[in-house]
Amino acid sequence: MDMHSDGTFELRRSQRKRIGMVLAGILFLATIFGIVVLMALLVDVILTAAPWLDAQFVHSFPSSTPGEAGIWSPLIGTLWLMGLTALISVPLGVASALYLEEYAQDGWFLRLIQVNIANLAGVPSVVYGILGLALFVRFASLENSLLAGALTLSLLILPIIIISTQEALRSLPSGIRESAFALGATRWQVIYSHVLPMAAPGIMTGVILALSRAIGETAPLILVGALTFVPFVPRGAMDQFTALPIQIFNWTARPQDEFRGLAAAAIVILMILLFTMNLTAILLRNYFEERRAGA
Amino acid sequence: MSTNEPTDDAPPSPPAPSPASADEATPDARPQSTRDDTPPADASPSAEPSVEPKLNIDDLHFWYSDNHALQGITMDVQPNKVTALIGPSGCGKSTLLRCLNRMNELIQGTTLEGTILVDGQDIYAEDTDPVMVRRRVGMVFQKPNPFPKTIYKNVAWGAEINGYTGDVDALVERSLRQAALWDEVKDQLHTSALNLSGGQQQRLCIARTLAVQPDVVLMDEPASALDPIATSKVEETITELKKDYTIVIVTHNMQQASRISDETAFLYMGRLVEMNPTDELFTRPEKDRTEAYVTGRFG
Amino acid sequence: MSTTPSPPPTTADNETTRGPRPADDLRQQVYDSPKEKAIEYALGACALVSVLTTLGIAAVLLIESIPFFQSVPLSEFFGETRWTPQFTEKHFGIWALLSGTLLVTVISAVVALPVGLASAIFISEYASTWVRKILKPGLELLAGVPTVVYGYFALSFVTPLLQTFVPGLGVYNALSAGIVVGIMIIPMVASLSEDALQAVPNTLARAAYALGATKYEAVVRVNVPAAFGGIMASFILAVSRAIGETMIVTLAAGASPKTTADPTEAIQTMTAFIVQVSKGDTPQGTIEYQSIFAVGLVLFLITLAMNVFANRITRRYQEKY
């Protein structure tokens, strides 16, 4: 029997190759589209901001006179929020992740919590704002305080911290836990002496990224009643406050060009803060990965 | 090859007229005073000669979810001997080893039936604490896995968490000497353990285990990740250690088993086929399947 | 003597004097000591906070919506097309807000899904290691830009740019907001789709090459279909994110709730409405105040349904490989 059919192959080698090249080109252009937009955004913001950016801008309070306006109180408010949010969300998030990874037994309860966390991560931030408004501002009578804002932001980033901490815990070599257990350690001794120190850089990376997400949030803070014009610096967690994104929102929403310039200048300050945090996180992650590879 | 199915003679009964005699070191040969965290005053370690088996394993079954990995293992381990567990990959030898200090229960979805006694105490009894079991029965793993800390801390950590109140420096030195590592590392005790070579790391892991002062040391293919020179160092260390410890070692290397062990148990498909003094098992195996395995016809 | 079966555990347990250690040695409760138990329960309590958060969201939205739906019947909520809570003649037809949300979401999907998927394919299948090392942090930075900054960008850069092509385009319009929301979710589509593509075993592509396939044929006809489930999940999650996006639409899409499909018009989304009401000093107990919980409930249910669905797809395809 003849092994070959009587049909012939039309390989169209060059045509197929050309399609491949064109496709690769299109894919490349699509990929750099995002980067180009980011560049356009940054250039636009910086050019608009340039005339307004100076030391006086950083050290002045917001004002209805554009020439005198600054971002001192929003900047301090953002730093307060970041600190309080970290204080609340990091212990909660790391503890949750430790429970889920190191203690919880496989079963419906663990799966329920995991599915719940995954879904919480996708809840719109404005919904967290509604929760904060009803729960912290009204029900717990915290009013529009820094604490109400920080609690709301903490719940918002809690799923992110839990998920990234779980990943950091999972990436540890399991032999470390085993050998510590084999020496007669209890679970907490294993966690405290080995798991946490080894996972610390990974956890830190996740925490920094989560906090940078938190300080960029605007909608939840509007819901919990962050003020838009604050001529004072908060002195405690129960004080009223404003924050950089709120100030940016306020200035952007005004029709006059001067306020657009102020908004851009505030964006530059916020982005410097965020890029510094992101860069720290990336460097930390790279250092961690290199050290792991070397070990 | 072999026609003799191990399933035919379950439960396998290892007829080992053990030559355990008094010329071997007795359990109290090593200092007991350092274990001052637990024993009440009436502890009298030297009361009896060591003719009683150190470990009794009786009709042990083990499952990884649905996988019936151990199917009724019954065997005794003699004190101050090196007992080797051999058998082809997947025969259950590592699983058996890890049952002996309750390491398997760290894996979710596993089930165990049967009893394991250490000095007559059921280590799986309701009121037995796994931490106490693991302090008594230490373990060295296949891959050297020192903690990413200094050499000193690696050895001292287990003793510290177990509330050791004696001289930690002396304990570290003694443990490192027992593991034949002291001379190589005594000038770099406070440098990272990760800088050591693979063989040194494995001996450090042995020292780390000894610092907790267990009775039994389990070793899961401790030399399989090492080069020949490092392997012979580890083997020498093991031979030294049996003066003071009962050692159970899993190995896939039959030369190694014959070099270092006093007794050998051959496992196949989750069952114990044969357990005998090592030279007997290798020269005059009772079962066809054992002979087939030790002569290299399968596995 | 090893031939004899081991003594039954009861006998052995009573042999307290045998061996170098007393029998109660092994029974000291260390692993489950009170301290260990306390730590376990404390950590478990922290893990419960996430469950309580979900319950809290559901409870708050439901409880505060009840008075709203007592004065606004569901028939009006879902039957009416006007949304005018601030007028004297109040109408509460959610369709006006839903259509605004839908319009922005469709525009953003048109931008983000093709671009995001293309980026994922390029990064996963074409980019060399060092190109990937530049592109991925770039996309991560894009993902890290706060939404209020995107809102500024939409209003002060994209809208003026669009006005040069689209004559008569107003300052506030769905098109500009939709495009920028799309840009915002590109990194999400790209990174989740890339994960899906990476999860496909490369033996599949090798098999295609062995049959004489070219690179693009292996990628487009083998790898992408094999990762279909994960790519769909990334699309759904990204669209759900677009639905919940707030600041871009608040700043750039306007505040005029209307049922329209014209992208050049000013509209209002559900999220923008919530912000608009809470920005003003709306007293607790008024119907406007209650309306944000009703709208929030709709928003929460829609996004939750999409997330649950997408996460289910993801888990299924993760099990496949």
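For clarity, chains are labelled A, B and C in written order, and residue numbers in each chain start from 1.
The rule is simple: a residue touches a chain if its C-beta (ideal position, glycine included) is under 8 Å from a C-beta of that chain, and two chains touch if they have at least 3 such contacts.
Note that the structure is a prediction, hence the values are computed from the model and not measured.
Q: Which chain lies the greatest distance away from chain C when centres are computed from Cα atoms alone?
A: So the chain farthest away from chain C turns out to be B.
Q: Count the touching C-beta pairs: is B-C or A-C ahead?
A: A-C
Q: Return the distance between the CA-based centres of chain A and chain B, expressed in whole Å.
A: Their C-alpha centroids are separated by 48 Å.
Q: Quick one: chain B and chain C, Cα centre-to-centre, how many Å?
A: Inter-chain centre distance comes to 50 Å.
Q: Using mean C-alpha positions as chain centres, tell me how far chain A is from chain C in Å, no decimals.
A: Once rounded, the distance between the two centres reads 14 Å.
Q: Two-or-more-chain contact residues of chain B, please, as numbers and ranges.
A: Where chain B meets two or more other chains at a single residue, that happens at 131-132.
Q: Mind pulling the residue numbers of chain C that touch at least two other chains?
A: Within chain C, the residues that touch at least two other chains are 30-31.
Q: Any chance you could list the residues of chain A touching two or more other chains?
A: If we look for residues of chain A contacting two or more partner chains, we find 184, 186.
Q: Flag every residue of chain B that touches chain C in the complex, lowest number first.
A: For chain B paired with chain C, touching residues are 13-18, 27-28, 32, 35, 38-40, 42-45, 47-48, 51-53, 56-58, 74-76, 78, 115, 117-123, 125, 127-133, 136, 215, 275.
Q: Which positions of chain C touch chain A when the two form their complex?
A: Per the stated touch rule, the residues are 30-31, 33, 35-36, 39-40, 42-44, 46-47, 49-51, 53-54, 56-57, 60-61, 64, 114-115, 118-119, 121-123, 126-127, 135, 137-142, 144-153, 155-157, 183, 186-187, 190, 212, 214-217, 220, 237, 240-241, 243-247, 250-251, 271, 274-275, 278-279, 284, 292-293, 296, 299-300, 303-304, 306-308, 310-311.
Q: Which of the residues in chain A come into contact with chain C in the complex?
A: Listed in rising order, the residues are 11, 16-17, 19-20, 23-24, 26-28, 30-35, 37-38, 40-41, 44-45, 48, 91-92, 95-96, 98-100, 103-104, 112-113, 115-120, 122-131, 133-135, 138, 155, 158-159, 162, 184, 186-188, 209, 212-213, 216-219, 222-223, 225, 245, 248-249, 252-253, 260, 263-264, 267, 270-271, 274-275, 278, 282.
Q: Would you mind writing out the residues of chain A in touch with chain B in their complex?
A: Listed in rising order, the residues are 105-106, 173, 175-186, 189, 193-194, 198, 295.
Q: Which chain B residues qualify as touching chain A in the complex?
A: Per the touch definition, chain B meets chain A at residues 101, 103, 106, 108-109, 131-132, 134-135, 138-139, 141, 143, 145, 147-148, 157-158, 161-162, 194, 205, 208-209, 212.
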